[in-house]
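Got some structures for you, see below.
Shared chain: chain A. Partners: chain B in the first complex, chain C in the second.
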Partner chain A sequence: MPDPEKRPETTPEKRFAEEWRNAAYNCFSSGHKFCREVCPVTQVTRNESWSPTAFHANVVAMEQGELEIADVAADYVNCTGCGACELRCPNSLFTGDFYRFRTRTVDLVKAVRGLAVRQGVHQPAWQRWNLLTDERGHEPVLNGTPVDQARVRDWAAGLDLPIGGETILFVDCEAAFHRTSVPRAVARILNLAGYKFGLMHEQWCCGGPAAEMGYEEQARRFARHNLDDWRAGGVRRVLVLDPHDYVTFTEDYPAYFGDAYDIEIVLVVELLAELIREGRLTPHVPVERTVTYHDPCRLNKRKGVWREPREILRAIPGLTFHDVDRVTQWSYCSGAGGGLPVEKPELTARISEQRVGKAAELGVDTLVSACPWSERPLSEAGRARSIDVVDLHELLAESLGVAP
Partner chain B sequence: MKYRYQDEMSPPPARRVTDVAITRFEHVFEVEPALMTDHVTQQDFPNWDTLRLVRSRADHLAWMHRHFADKVLSGEELLHDLDE
Partner chain C sequence: MTVLLGDPVLAELRQILGPEHVLTGRADRLNRTRVPAPFPVHRWAERMPDLVVLPASTEEVAEVLRLADSLRIPVVPRDGGTGLTDGAVPLRGGIVVDVKRINQIKEIDLDNRTCTVGTGINALKLNEVLGRHGLIYPDDPASYPCSLVGGRIGTSGWSLIGSRYGHTRDLVLSFDHVLPGGRVIHVGDGIGRKITKSSSGYQLKHLFMGHQGTLGIASEATLKLFPKPEAEFSPFWAFEDYDSAYRAVGALARAGVATFAGAVLFDEWKVDYLRRDDEAYIPQPSSVKALVCAALYGYEDEVRAGGRRLLRIARSLGARYLGDEISEGDWAARHDRYATPLHGRTRSGQVVPMSWHCEDASINYTNLPAVRLAWHEIADRLRRESDVFDDWGMFAYTNGATGADYLTEIDIGIWEQRLDDAAWEAWVRAKRDLAAVTLAHGGSISACHGSCRAGEVDLVPEELGGGYDVMLAIKRAIDPNNIMNPGKYLLDQAYAEKS
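Presenting the complex of A and B:
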């Protein structure tokens, strides 16, 4: 067998296309574009080069030797990793489980970004972001104010949480350094319910954002560190409040570690709904707000988690809740995922404005989210329309009467 | 949904339904895996992903009905319309 690396006509693009060939032709030969109308980027830009269809068609062109990665790397920035396209694609929704073969646009976009980085084709803001993350161990979420290991647990000041133990709470970089009231609310609620948990010894970024932006080696290194830290501390269970981390721990880590991955991952929203169901938490302080709920993409579309957040909202007295069903929300997104706000904040802002506009049509005063990353751009868009953006965990804490 | 790798990667045992189809979850059918070893091979499919698709499909079909199906026609009426 000739070594494909040595064949003169073989390029990195062609080798990449060999791996993604079936996926690419599966889309290219269907080409029905059901995906486009649910894609937040396509919705606000109508740019055909920034559509799930184009992301697949490019692979066909690479296979034919018509494209180099440098020609298209910048196009692949335009994806939030929301998962709408791959779920709405008939090749997933109607036949994916039958064939055990579904559309994987999110993985494809990540893989193309990885190919670009390996080929030395960088996006300037992503390169800087990942360099800083690598230096600090955390994402530089504070716009210039350094984040570091010494301050990763500052959000928990005064809460007396133990370090280590069988169950720990993992707090994403945005929540640990910027949306600090969210993990505080979660910790206080769990304490109220008598649910025992601790914090990590040395928590680094989960590595998910680096993987999304194509910095695969860095992502794996961060994952390795976190898993080793969990093992060293005897951790069996990791509680996760951030949907992005939840995806990283249930999709990326299993892909990196395979059979050796023996950690149980629990989504906090699901745990809280369970504690309410069991009567261990009873929201009782009325919260007088008229709200709608933003289904975070990584919960609703990518994980099928949409009932529990609504269960929690319906348990809070005083709320007037205008729900928008989970299928309608397949086409909603905050624009905050997949590294888009790092490289193209103006595009994230347009997507957030569109999302908040949908909330405004319902006449609500509050948009509730369950994803810390979505809350910064949504809040900015909300300000212009006098709509508050509130985190579900914080709203529940308020109704349970626990102090911030 | 508590995630454990070993649980997710261990699908329920398959039961044959026809020459070309099997079932593992109630009312969920899958192609006979032996038919997908040549050209297109199957992907790693954790249990949560199968169930996510199945439930999303049901939700989507219900949603389509709510939005677009506003009257029920009998087969007879349809045939009658075709004849005209």
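Presenting the complex of A and C:
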């Protein structure tokens, strides 16, 4: 018999479940697991343990004392944070507006990963990745070749970009060190349009990846550094070319800093579409390619940005564009988000193969993306099918006739 | 079971399937215990399997079953896990055989209009591919975006547009079926893979459909395909009382319109329920008490003509057409709209997340009104007994093109978080009572889910009579060691008789 005088036993898992119980039950109680066939991980693995519904049901099991975080932490690796499940959930779709409720699987997965790290349950590759990021200030995206502050602006060599100013361009780790042609294209296009901007004084990683992998304290520390750097330099506006940064700066930073966070965040794709609309940029060099567009998950599914990239593509002469609508693309993903390629690169590769396979069915020679993180695995999958993976910004630069 | 499933068994399964496809984690097992049908959350772990395997082929399924049979380990097949009669729920531990990885499209035969698929495939995903050939596999349950072909076979599923295209039993032509001992047979009409009608031998296809996993596992199926319909018309009509709506649905179903794919009757409780939060129904005047919708599929010229005829019939019976926007929107949203947890209310009106439970039966048209009243009385009693229950109203859907009988469902919201032992007992009692009403009116206990859950299952021997004794004999003959989904359909009796 339990001693009635004794307080009921509470555990970190039960405290966590208390916070998430309603969201978890709203999913648990739904018989309609419509998320499963749009989830990129579930689609390729067919493993129900790695599905949005399992991620919610596990919280109910924690509340019941059936699971501890150590039992499930590794399962929560299997999410790219794409947000497809949230959009496809009948709770969001058909009653969400009425009840002001939204299924938030992405936040839940991040929260469980955070709980795991706080409880000392680490995934080996994530732990190493974040340790190196913490040491260097940037993600170790070059497989052993060091990244550091001294090289974070190497991509801009010869472009004569100023440091500081009211408007700066923030370049994510993958683009700054690996996909360097993307930020170069962006900088040249903006220069062509006469749009004034500079680079950041001391740019660290945005902190978003650490937050996604559960290293919350580190994520906040990096965010603090970046915000302090912006404030010290009088920055009012930050341009971002990477959809992941865009989510971090428009969702994580406001959550960390509240009303005091008064930086305007501008998505480069939206800015470029506007500059084309205003006639300040006119693509004129024909690009003879047959393309389809990959909606980056964080733009399409997370932020509802899908018109502007298509506007830009339609403005480029010479292209044959086989579009696939944004809703069909809810179930597409490169597999490169949410830390998945760090811990499970083979799974990222399978998801990218599936995505490129969809492009191949259209008979295109080029898959255009607008997310630097997606482009590495998509390119690898594209090689096997002779499909080029090209960044939208670079494609636009080509049509504007600006040098790489 | 834990003893049997020690290291030698695990080692052998890992050998058969590859180590990553044998899951023993607690979360893996808990998540293969869950189905949408409500069950007290505090008793969740009672239904855990000992392990889960994820085979990729018929051969792997066969090897797993051979091993399980030789060691007398219970086996429970799982596909989408979206069923409402607990077919996929392990009652005795053992091995869950989760067939979702067997989801390849093996062949699309454009000339014979068939396709052959692994049973782990989802119909919506299949139709994305078939659509490129102008074809459709029209098996359309409420769970269309997530249920899988194998589960449709194991439950002998029901389709919303079955009046036009047939139900799962008509649409699945044949399949590879792994018997409990591991032997693989092919069942269909005759032995052909793409034969739609045979009179050779016993008609085994029906036997190996709807057995809820008690006779083995289907792993690869050949399906009948249709031209993707060019046009769809789905009128919704409002009525001032149930009786008018009832008369109208009967007339529509009996009209004999060739493109008629189905009709649905919504009763007063259902309309009240929709008014809680559905933007299409909140603005409807209070005089709207019941609804009917119909769906027509085919070429544009024939759908237009058939639609005009149905509109004329409905108008002559006092119907008010709700307009194209509601009609098209509601039908398009039919899989998402009617059963989300947030519709749940306590007696005082508080919004609580409730699991949707659909209790279904096949009822002849002439008995619909009487069954409806008796069922709502049972739901009302439940609601008085406990605030975890909520009456979400009733639907009646045509089973076929002639309007003889209807899938009749009462939807009960159940607040699973608070489902204690007493409420669970009340629920099981209510299920038994609902089934008794069905039998008293000459109906069948289930049109679509199956009838092997606690409560209703008690009445299955009464429903089937001498046929139930045949069921016992078949079970014993095909599964002599009772390894396939033991505990379902009271089939343990088959073995008690033997000893």
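Of note:
Definition applied: the second predicted complex is superposed on the first by the 395 of 404 C-alpha atoms of A that agree within 3 Å, B and C clash if a C-alpha of one lies under 4 Å from a C-alpha of the other, contacts with A are read in each partner's own complex, and residues count from 1 in each chain.
The rule is short, and it goes like this: a residue touches a chain if its C-beta (ideal position, glycine included) is under 8 Å from a C-beta of that chain, and two chains touch if they have at least 3 such contacts.
Everything numeric here is computed off the predicted structure, so don't read it as measured data.
With chain A as the common reference, chain B cannot sit beside chain C without a clash. Of the two partner chains, chain C is the only one touched by A:29; chain B is not. By the document's definition of touching, neither partner reaches A:256: not chain B, not chain C. Using the contact criterion defined above for the overlaid structures, shared-chain residue A:102 touches chain B, although it does not reach chain C. Contact with chain B, but none with chain C, is seen for A:305 once the two complexes are overlaid on the shared chain. Of the two partner chains, chain B is the only one touched by A:265; chain C is not.
By the document's definition of touching, neither partner reaches A:195: not chain B, not chain C.
Residue contacts after overlaying the shared chain place A:94 against chain B and chain C alike. In the superposition on chain A, A:321 contacts neither chain B nor chain C. Under the contact criterion defined above, the residues of chain A that touch both chain B in one complex and chain C in the other are 22, 26, 93-94, 98-99, 101. On chain C, the positions that touch chain A within their shared complex are 23, 25-28, 30-32, 34, 36-37, 41-42, 44-45, 54, 80-82, 84, 98, 100-101, 103, 120, 122, 124-125, 132, 142-143, 145-146, 277, 279, 333, 335-337, 339-344, 351, 353-356, 416-417. Chain contact summary for the complex, chain A toward chain C: residues 22, 25-26, 28-34, 36-37, 46-49, 51, 53-54, 57-58, 60-61, 64, 66-67, 71-72, 75, 88, 90-91, 93-95, 98-99, 101, 361.
Taken together, the chain A residues at the contact with chain B in this complex read 22, 26, 87, 92-94, 96-102, 104, 249-250, 254, 258-259, 261-262, 264-267, 270, 303-305, 325-328. Only residues 1-6, 8-9, 28-31, 33, 36, 39-40, 42-43, 45-46, 48-57, 59-60, 63 of chain B touch chain A when the two sit together in their complex.
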